[in-house]
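Following are the structures in question.
The same subunit A turns up in both complexes below, where it pairs with subunit B and then with subunit C.
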Partner chain A sequence: MRFEERTIGKVFIAKVLVSRITAEVAPALKADIVEFVTQGHRTLVLDLSEVTFIDSSGLGALIGSLKSLGDDGELALSGAREMVASMFKLTRMNEVFRMYKNPEEAAVALA
Partner chain B sequence: MKILLVDDEPVARRIHSTLLRSQGHEVEEASDGEHAWRVVQESQVSFVVSDWMMPRLAGVDLCRRIRTAALDRYVYVILCTSRGEKADLIEGMDAGADDFLVKPVGPEELRVKVRAGERVLSLQQGLAQKNNELARINNQLESSHKLIEEDLRAAAWMQQRLLPSQSLEANGLRCQWRLEPSGYVAGDIFNFFAMDEQVVGFYILDVSGHGVPAAMLSVTLSMILTPDAARGSPLKHLNPLNQQVETISPGDAIRELNRRFQSKDDRYFTMIYGLFDTGSGRLRIAQAGHPGPILINTAGHPQIIGTGGMPIGLWPEIKFDCTELSVSAGDRLLLYSDGVTECVNSEGEAFGESRLLSFLAKSSTQTLDTILDGLLGEIRSWRQCGDLGDDISLLAIELSESLDLASR
Partner chain C sequence: MKGVHFAIDSELSNVSLIAVAVNRICLHLGLDGTSAGELELCISEAATNSIRHSYHGEPGHRVTIELTVQPDQLRIEVSDNGTPMPADQVRQLQDGKLSLEFQVDDRSLLAEGGRGLRIIRRLMDEVSYSRADNSNRLIMIKHRVISHSE
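== the complex of A and B ==
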C-alpha cells in the first residue's frame, strides 16, 4: 500500500494514497500498519483524505489493525470523507476509532 | 547432425560429403532436387546443403518448397552457388535460404557455416519444446479452471436452495425477495418465517469480504437461523422458569449470535433482525451495522428505521440500535444490502440512499413484485455495465390489508 509518511512530534502520520480500500489491498494495508508499529511508531494516524470508498474487507483490515495493536499503541483516523464517514457511523466504528478532521488536529489531541 | 547434401555434380558432391563427414556429421546424398524434396518429406532431416544450379528442381526452388510446406520442424537451408552475385544472394534469401556458400567451398568456411546453422536449429528446437510445454500447462490450467467453476456452480445451487421460497406468506404478512450474487456465491443471505402463530421473524445479513469464504459463513448462519428451536437456533431459548420454548428479543438474538461467532480473522457480518407481533402490531428491529430497513407507510412515505450498530463477530460486547414501533395494515418494509446503495455508475457516483428513497416513494402504489423488479431495473441502468459490483439483496415485507391489527 502506498503512503505519504511524516511525523508531528511523536505522532506518526501515514496518508493513504489510494482512493479505494477494497479486498485486493486490505491485507497489504493491515500488514503495513503492523509494520509501522514494529518499526517503533506507537501513535499512528491514518490519513484517509484521499479515500473515497472502503468496502467490508477494508473495514475489517482497519479493525484488525486496531485489535492487533492492542495496548501497544494508538491508531486514529483523520480526514474520513463522506462514504467512509457514513459507513463508520452506521457500524458505530466512529465510537471505536478516534476520528479527526485532519492530521494536525489528531497530532494535537494525541500528543 | 544429419545433413542432406544435394548436388547433381558427383565430384563436388563427393568432396563436400567427405568434408562434412570428417567434421563429424552424418550425410545423406541426393543428386537432384526432386529426390532431395522426397527425403525432406519422408525423413526428419533438418539441415540441407544444396547446390543452386540443378536440372529438374533448382536449389532455390527446393528451398521455396521447403519454406512453403507445412513441415513439422524447421529445416535449415544453405545454398551453394558458383556465382557470388548480390542478385543471387537476394533471390536466395527471398526464397528462404538461411545462408550461402560460394563455390569453391573451403572446408573452414563450410565448418563454421554449418556450426552457425546448428546453433539456429537448436534454438529453434528449444523454442518448439517450450511451446509444447506451454500448451500442455495451458491445457492443465483449463481443466483445473473448469473443475473450479463446476464446484462454484454446485455451491451456488446449494445456496439457492437455502433461500426462502419465492413468495411467502405468514400470519398475514406477505414477502417477496430478490438476490443477485456478484459472483457464483453470495455473502448475503436473508429469510422470513413464522416464529409461532402470532410472531413473524425476518432477517438480512451480509458477511464481510466476498467469494467462497464469505459464502461459507453465510450458509452456516442461514442454517442455524430458523424458528426451529430443536436445531440449535439462537432465536429461541428454553425459559427455565416455565420450561417453555420462547422467542428471544431481536437484541438478545444478536448478542447470542455475537457470542457464538467471534471471529479469529477480522471477518464479521452485518445484520438486521426483526420480529413482528401480529397480536400487538408491534415491530421490533435490531440493527447490527447493516443499513436500516425502510418503512413505507400507506401514505407512501419511505422512512429509514434505525441509525446503526456494531457488526457481529468483532468484539465480545457490542452496541447496536434496537427499535420498536407500531405498524399498520398496508405498511411495507424493505430490507436491503449495501450493494444497492453503494452501486457506482461509470462516473464513480453511488446510487445512494436518496435515490432509493425517492424510487420507493414513487412506486409506493405498486405491488411488491413490481417494486422489486423496478428497483433492480433502476440499479442495472444506473450501473450500465454487466456486473453489479457487490451482492444485491432485497427483502420486501407487506402487512396485508386484511390484517386486523386495530382490534387487537
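== the complex of A and C ==
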C-alpha cells in the first residue's frame, strides 16, 4: 500500500495514496498500519483526503488496525471526503474513530 | 427492457470495475451523486460477498450483475453459482433484522466484518435473496430519485 509518511511531534501521519479502499487492498492496509504500530507509533493519523471510496472491508481493516493499538493508543482519521464520511456515519464508526478536517488539526488535538 | 448486463471473473480486483461503471450509469440516468455513490457501494458489497463467501475467494468463477432500468426503480441482480447464503443470514435478511447497531464502549469488541449485507439492507429500498438451479441471486431495488430528466 502506498503512503506519504511524516510526523508532527509524537503524532505519526500516514496519507493514503490510493483512491479506493476496498476488499482488494484492505488486508495490505491493515498489515501496514499494524506495522506502523509495531514500529512503536502509538498516536497515528490516517489522512484519507485522497480516498474517494471505502467499502465495509476497508472499514474492517481500519477497525482491525484500531484494535491492534489496544486501549491506550489512538488511530484518528483526517480529511474524509463526503462518501467516506457518510460511510462512517452510516455504520456509526464516526463514534469510534476521531475524525478531523486535516492532519494538522488532528496533531494539535492529539498532542 | 432498458438495462445492462455485466459479468466478471471472481477476482476482487474486478469489483471496482463494475462498481464505478454503475455509479456513472446512475448519474447518466439522473440520480444524484449521493444515490449513485450508495448504489456503487451496494454493488461493491454484493459482488465482494459473492467472491469471498460464495466462491471462497477462488478466481475462475463468474459473477454477473444485471441492472434493469424501470420508470420508478432501478433493479440490480447480483448472481453467482457458489455456496448458498447461510440459512440464518437469509432469515435475518427476510425478517429485516440485519442492523448496524453496536456498543461503542469497548473497541476490542468491535467486529471487523459482517457489515456488507447490513449496509445493503440499510441503503436499498428492497433486498431479497433466492437460491435456484445452483445459483444465488441477490436482488436489490432502489426507488428512483431523479434530479433531472433523462
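We adopt the following convention: the second predicted complex is superposed on the first by the 110 of 111 C-alpha atoms of A that agree within 3 Å, B and C clash if a C-alpha of one lies under 4 Å from a C-alpha of the other, contacts with A are read in each partner's own complex, and residues count from 1 in each chain.
To be clear about the criterion, a residue touches a chain if its C-beta (ideal position, glycine included) is under 8 Å from a C-beta of that chain, and two chains touch if they have at least 3 such contacts.
These numbers come from a predicted model, not from an experiment.
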item: Subunit A as common anchor, with subunit B and subunit C clashing or fitting; value: clash
item: Partner chain(s) touched by A:83 [first = subunit B, second = subunit C, both, neither]; value: both
item: Which superposed partner A:56 touches (first subunit B, second subunit C, both, neither); value: both
item: Partner chain in contact with A:24 - subunit B first, subunit C second, else both or neither; value: second
item: First (subunit B), second (subunit C), both or neither touched by A:92; value: both
item: Region of subunit B that runs into subunit C when the structures are aligned on their shared chain, from 151-159, 241-249, 277-285 or 295-303; value: 151-159
item: Subunit A positions touched by subunit B in one structure and by subunit C in the second; value: 23, 53, 55-57, 59-61, 63-64, 67, 83, 90-92, 95-96
item: Touch list for subunit C against partner subunit A, complex; value: 12-13, 15-16, 19, 34, 37, 40-41, 44-45, 48, 51-52, 100-102, 104, 107-108, 110-113, 115-116, 119, 122-123
item: Partner subunit C, residues of subunit A touching it in the complex; value: 20, 22-24, 53, 55-57, 59-61, 63-64, 66-67, 71, 82-83, 86-87, 90-92, 95-96
item: Residues of subunit A defined as touching subunit B within the complex; value: 23, 30, 52-53, 55-57, 59-61, 63-64, 67, 83, 89-93, 95-96
item: Subunit B residues within the subunit A interface of the complex; value: 206-210, 265-268, 270, 289-291, 307-311, 314, 319-320, 342, 344, 348, 350, 390
